[in-house]
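Take a look at the structures below.
You will see two complexes here that share chain A, one where it goes with chain B and one where it goes with chain C.
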Partner chain A sequence: MKKFRLLLLMPVFFVALLAAAPRGGELRLCLRGEPKSLDPLMVTDEPSEVVRYLTSGILLRRNRRTQQLEPELASAWKVGNAGKRITFHLRPDVRFSDGTPFDAADVEYTLRRLADPGLASPAGEIFRTAARIQRFERPNPLEISLEFASPVSALEDLFDEAPLLSSRSPIKEKAVLGPFRLAHYRRGVSLRLERNPNYWKVDSAGARLPYLDAILLEIQLNRDIELTRFRRGELQLISNLDADSFDRLRRQAPGEAVDAGASLESEMLWFNQSPAAPIAEYRKAWFRSRAFRRAISEAISRKDIVRLVFRGLAVEAAGPFSPAAKFWYNPRLAPPRQDTESARKRLAAAGFRRREDRLLDAGGHAVEFSLITNSGNRNRARIAALLQEDLAKLGIKVNVAALDFPALIERLNHTHDYEACLLSLSGIDLDPNDQMNVWLSSSSHHPWNPRQAKPATPWEADIDRLMKQQAASYDPQERKRAVDRLQEIVYEQAPVIYLVHPYALMAVGASVRGTEPSALKPRLLWNAERLYLERPVAGKQ
Partner chain B sequence: MNSRVSRAWRGIAGGSATVAAGVLLASLLVWLSPGYGIDEREADPTLSDATLARLGADRGRGPLTVPRRMLHGDFGYSPALQAPVGSLIAERGPATLHSLSGGLAMAWTGAAIGVLLGLWLAPRARLLPDLLAAVLLAVPAALVSAAAFLAGAPVSAAIALALFPRLYLFARNILCSMESQPHVLHARAHGVSGRGIFQHALVRPALPELAALAAASVRMALGAVIPAEAICDSPGLGQLAWKATLGRDLALLAPLTLLMTGITVFANMLSGISAGGRTR
Partner chain C sequence: MKVRSSAAAVLLILLLVTAIGADWIAPLPYQQQNREEARQSPGPAHWLGSDDLGRDLWSRLLHGTRVSLLLAAAAALLATLIAAAVGVTAAYCGGCADRLLMSLTDLFLSIPWLFLLLTVRALLPLNTPPWESMAITFLLLGLLGWAGAARLVRASALARLASPFALQAHAAGLSPPRLLAFHLLPNLTPVLEAQFLLALPAFLLGEANLGMLGLGVSEPLPSWGNLLAGLTSPGAVAESPWLIAPAVLVLLSLLAMHELFGRSRRIA
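Let's turn to the complex of A and B:
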């Protein structure tokens, strides 16, 4: 009888356990712009990326803390044939938000759409270039194998960013597999995501995830307003704070300021070496001179940039990979230390000479250049001011021009009418393949000399070769060797002068639990299904 | 009466021309601005040239495209907000109307209280509203809006604070000039009560000019609504205009300019007709 009573009590205990699980509430945060597309396959910008991340299901996920791959909708996977084949075993009984079942046919449908050149999905770029799928095999509804034309480096990583669609749902891409689904969108104002009732994941106690009822993403371009509203308790998370705001928040509410260490972003400077640039030939000659670029790099005090611009919340940079990219970072390369004397000697050896307080080239031209950057970025304006000061010690005059972003892109990509540019490389992922367009000399994103018919210098040919070599190999160590060598060439030739890697700074409200801040994007939302509020905020419909 | 009608017609014709010129000028300025038509996705290093070309990174349309479409009743599609312009304006119109009406009501109430304090109750009491108006007049509308936002006040309060000094000073000057008229001084000398003088010798003759000021206050409020909504983060037409400008969204900016210019011209016309040529 006692046993019977215990059995009767078990469901009650289970219900009580579920009730005790942290559940409910609406998390509020801001997007820094309007999402350009809500179609998960057509995402290009960061706001759309956040929405995609919160709503779409994926096969594998890279844990943003450990940087290790974890199973998501694929419960297991196996890479074979030296990186040319991958087999996924899918989770059973998974349904899209509208109740449509999920199986291998959906995976094939999604990948075929991603690879469709007519659609030109940005998320599927890699499936149309380096990772062309030759054959799909579906031995049963929960297993799918993909055969690629050639070995694919970082093959599993491709599936961290491939949002899965339903091949059968009547509501098409609106049927989602992620923890949330779009409930309401007010253009220019906000998006409300509500819990996906069919989300497959459960926590260790067996409670269905996500814990939150909803996430309200408000569209807010002004960072000061965002911080003010956070301090008032109207917002609970800020995924990206600048050093000034972080410092202010750290003094006002130390427990709410979160520093995840160096981010993947780099502040960098480069000179225009494009033959098509409408600038004087003697200036182009400076910019093509390795000695000139190395001297500029040596004359800059990265330590001052870290201290004065980022309030100590950045790390000096030596190359394109920050310490946040644990595997790819090359610790053998030390950031150049400011050495004005050595920079002077380099310039003298290259034919530059000093007259009074000005530096002259061999032809007697005073060395002076304009530096463009984007307007509205306080940190970059301060870096430019420090560069002016540092280079004045060499007798070089720098004129800074801040342009708004479209005008800047026009100069960089279309007219090439600039001399030097100070900008950040952001929005890239861990894997070097994400920087393929930056390093290949034929690419339009190759910063200092885009769209080269053939590499202009032997070291650029080396960079091209190394990038292609690492992209064609599935062996991580072989790839690492190639990427290390690439970093060394960039360090020696300084076509891009890396300055600092800013820290990933965030704000987490006192009521938010379950966050695992990471320097990798989406920094605070990568485990959104496990976030909860200690004092839930009732959501407005 | 006839002169009023002809003035009204002249106002409508002039107003229409101003609206058309405003739209053309706005379109031309945006079109000529550096970087117009550049797709920011071009800066994304993860996208290849082929993908960018397929995504239709267009280099922008001519300055006449949008005005020409609007003439045919097509307000177009906002590329920045990915929505029809008509629906965006319809969505945000009520918020702005609410802010504007609240701001105007508060500003007029404040101005009326200030004037009454000075003129009717005790002339020395004028010092307080004078001082407040002088201070607020010296502060830019954007700063007033920022202060309102930090204090958690609604947008209407920011608009009211921007309008109050202008309304108060105009209304006070109008009534003061009436107060120094010979017939008012004569009535005072004969012991007519202050209330009687206020009603019959000050307010009633000043009514046309006050009506003109009321119409002009709509135009002033419209001017204040863009910084107020942008800074106070209120999703109205002002914020939309701000975002359209930042995003070089010509398709959205042109109809918004048309709307704002139309309201301003209409308010000016009313103001002119009400004042009957006596505005100062």
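Let's turn to the complex of A and C:
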């Protein structure tokens, strides 16, 4: 009889458990632009990336907090043949949002589409170049092996960004495996994502994820309006705040301002060393002089940039990898401290001399250069003003020219008609392979001297070799050694003078629970399936 | 009425004096960074506080007034002179010259001047010193901003040329230069003054717009435009209301000009 009563009470118990689970609610946040494509394979911009991340399923995920790989739709994986083969074991009983079952055929279909040159998927570029798949093997519906033409470094990371599609669903790419699916899209206004009823993941208590009912992504370009609406409680998350807004927010609502430490981004300065640049030869000689570049680097007060421009919300930079890239960061390289005297000595040793308050080169030319940057960025305008004063102490005159972005890019990439540039490297990934186009001397995006037929200097040849070496190796330690050496060369030669790494700054509403803020993108949404809104307790305001 | 006009005159004279004498009146050099005194509230050391880099905002405002007020006035004068030359020539010559000049005017009216300014600024040599680049910006504003006024001047000149005094002067055998210089232009003065006064705030705001876009006067030189760029964030203004000082100055100077010149024209 007792057992019977217990059985009767079981459904009541489960209903109570479900009610207590932190389910429900609609999370509201802003996208800072219209998504250019809702096709997960054709994503190129950040708003589309957010939608893709929230709706698509992936095989493996790099945990944005620990930076370790975690199983997603692949419950296990194994890399073999020195990085030329990977085998995935897929989770059973997984279904797309429309109920279509998921299996190895879908993985093969997705990867074939990503590698299709006719589709030219931006997300699949790597599968058409460095990671060409030679053979697929599907011994059973829940296992798939991929054989690559050559060893692929950071092989598993490729599957953190490969959104899986259904090969059989009648609604094609609208069938998703992610925690949410697109419910409604009002062009220019908002996108509403609702819970995917077939999402496979459950929490430790067995409750089905995601906790949220929906996410409303409002399209809002104006950051001030976004912040005002957040303060009014109309939005619950802001994934990216500038230092000024963050500083104000942390004074007004300290609990809502979230700082995840240094981001992967860098503010940096470089001199044009391109032989094709239409600038005087004696100036090119300054820019090619290691002593000149090191002296400039030493004369700059990075501490003041952090304190005055970023309100303490940045770290001084020594090189291309910030402390946010836990594995790749080289802690042996300390950011250069401002030392005007040492900078003067370096310049004197290189043949520069002072006359009154100006610095002259060996040929008697007064040292003066223009510094271009993009207009409308207040932080960069402030950095430029600080550089002007720091370098004036050496007798160097800096003329700042703020250009609109197309004009800036035209000069950087096409005419090469500039002397120095102050810009940021943003939107970068954790893995050094993502910076291949920055470091290879043959690349069109190699900042100081692009498109070199062969490396102009021995140290640039070394950088090329190290980048290729790390890209060809599957061994993480071997890759790390190569990347560490690369950072040392960049530090010694200063072709790019790294200034600061700004912090990853965010805002999280008081009602939001489950966030694990990270400096890596998507900073607050990477674990969207575990976010929920705290329900107001009855009778309590 | 008289009190308002006097107040406006005093304000404008004060502005002009501060603009011209900024070097002597400003307590600190406008570019001097006192990095340990950044973001200070108004006080004895910095009457209007200091900016993010510790520069004295009062000194920057004084120098910014010189830059904006004097160069906007120069640009407005240039635009008015071009408008007068084009409008009067078109009205007096008529025929082909009139059609040609008015077509040119229409062409200038149809140019999106902001984009043209952006393009021209992008083409300037990068090592152009801040003063030169700023003078070029205002010169461009003047060279591009005459077209609307030229149409008005032409219409007014046509009306004056058809009036009895002009016909009488013509019949008396007055030479065209004498007719234009001594009879037509003096009669067009109210129109030209009005156009000058309309152009002045337009150019002030044009420079301010460029400054807000970060494309105006370059660092470290201050102008009303780049000082107004500090107002882009409502939060910053709420926290530091003294940042609106440049906006107040723009507004007051425009009101003073309107009061003084507008009223004197109405009386005339």
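Going forward, the second predicted complex is superposed on the first by the 534 of 541 C-alpha atoms of A that agree within 3 Å, B and C clash if a C-alpha of one lies under 4 Å from a C-alpha of the other, contacts with A are read in each partner's own complex, and residues count from 1 in each chain.
Operating definition for what follows: a contact is a pair of C-beta atoms (placed from the backbone, for glycine too) under 8 Å apart; a residue touches a chain by one contact, two chains touch by 3 or more.
Remember, it's a predicted structure, so these values are computed and weren't measured experimentally.
J.: Quick check on the chain A-based superposition: chain B and chain C, clash or fit?
T.: Chain B and chain C fit side by side in the superposed model.
J.: Using the touch definition from the top, say if A:Glu419 reaches chain B (first), chain C (second), both or neither.
T.: In the superposition, A:Glu419 touches chain C alone.
J.: For A:Leu403 in the superposed arrangement: first (chain B), second (chain C), both or neither?
T.: After superposing on A, A:Leu403 lies in contact with both chain B and chain C.
J.: Is A:Thr228 in contact with chain B, with chain C, with both, or with neither (first, second, both, neither)?
T.: In the superposition, A:Thr228 touches chain B and chain C alike.
J.: Taking CA centres after the superposition, what's the angle at chain A between the directions to chain B and chain C, given in steps of 10 degrees?
T.: Spelled out: centre of chain A as vertex, angle of 30 degrees.
J.: Mind working out whether A:Asn377 is in touch with chain B, chain C, both or neither, as first, second, both or neither?
T.: After superposing on A, A:Asn377 lies in contact with chain C but is clear of chain B.
J.: One more residue to check, A:Ile215. First (chain B), second (chain C), both or neither?
T.: Neither partner.
J.: Output check: A:Thr44 vs chain B and chain C. Expected answer is one of first, second, both, neither. What do you get?
T.: first
J.: Tell me, in angstrom, the smallest C-alpha to C-alpha distance between chain B and chain C in the overlaid model?
T.: 5
J.: Shared contact residues on chain A for chain B and chain C?
T.: The overlap between the chain B and chain C interfaces on chain A comprises residues 228, 403-404, 407, 410.
J.: Quick one: which bits of chain B touch chain A in the complex? Just the residue numbers, please.
T.: 33-38, 40-51, 54-55, 78, 80-83, 88, 91-92, 149-150, 152, 231, 233, 235, 239-240, 243, 246, 248
J.: What residues of chain A sit close enough to touch chain B in their complex?
T.: Touch residues, chain A against chain B: 34, 36-37, 42, 44-45, 117, 120, 122, 125, 129, 186-189, 220-222, 225, 228-229, 232, 403-410, 412-414, 425, 427-429, 434-435, 437-438, 443-445.
J.: Which part of chain C faces chain A closely enough to touch in the complex?
T.: Touch residues, chain C against chain A: 31, 33, 35, 38, 52-54, 118-119, 121-122, 124, 126-130, 133, 213-215, 218-220, 229, 232-236, 239.
J.: Write out the stretch or stretches of chain A touching chain C in their complex.
T.: Spelled out, the residues of chain A in touch with chain C are 224, 227-228, 244-245, 248, 304, 307-309, 368-370, 372, 374-378, 381-382, 384-386, 388-389, 399-404, 407, 410, 417-419.
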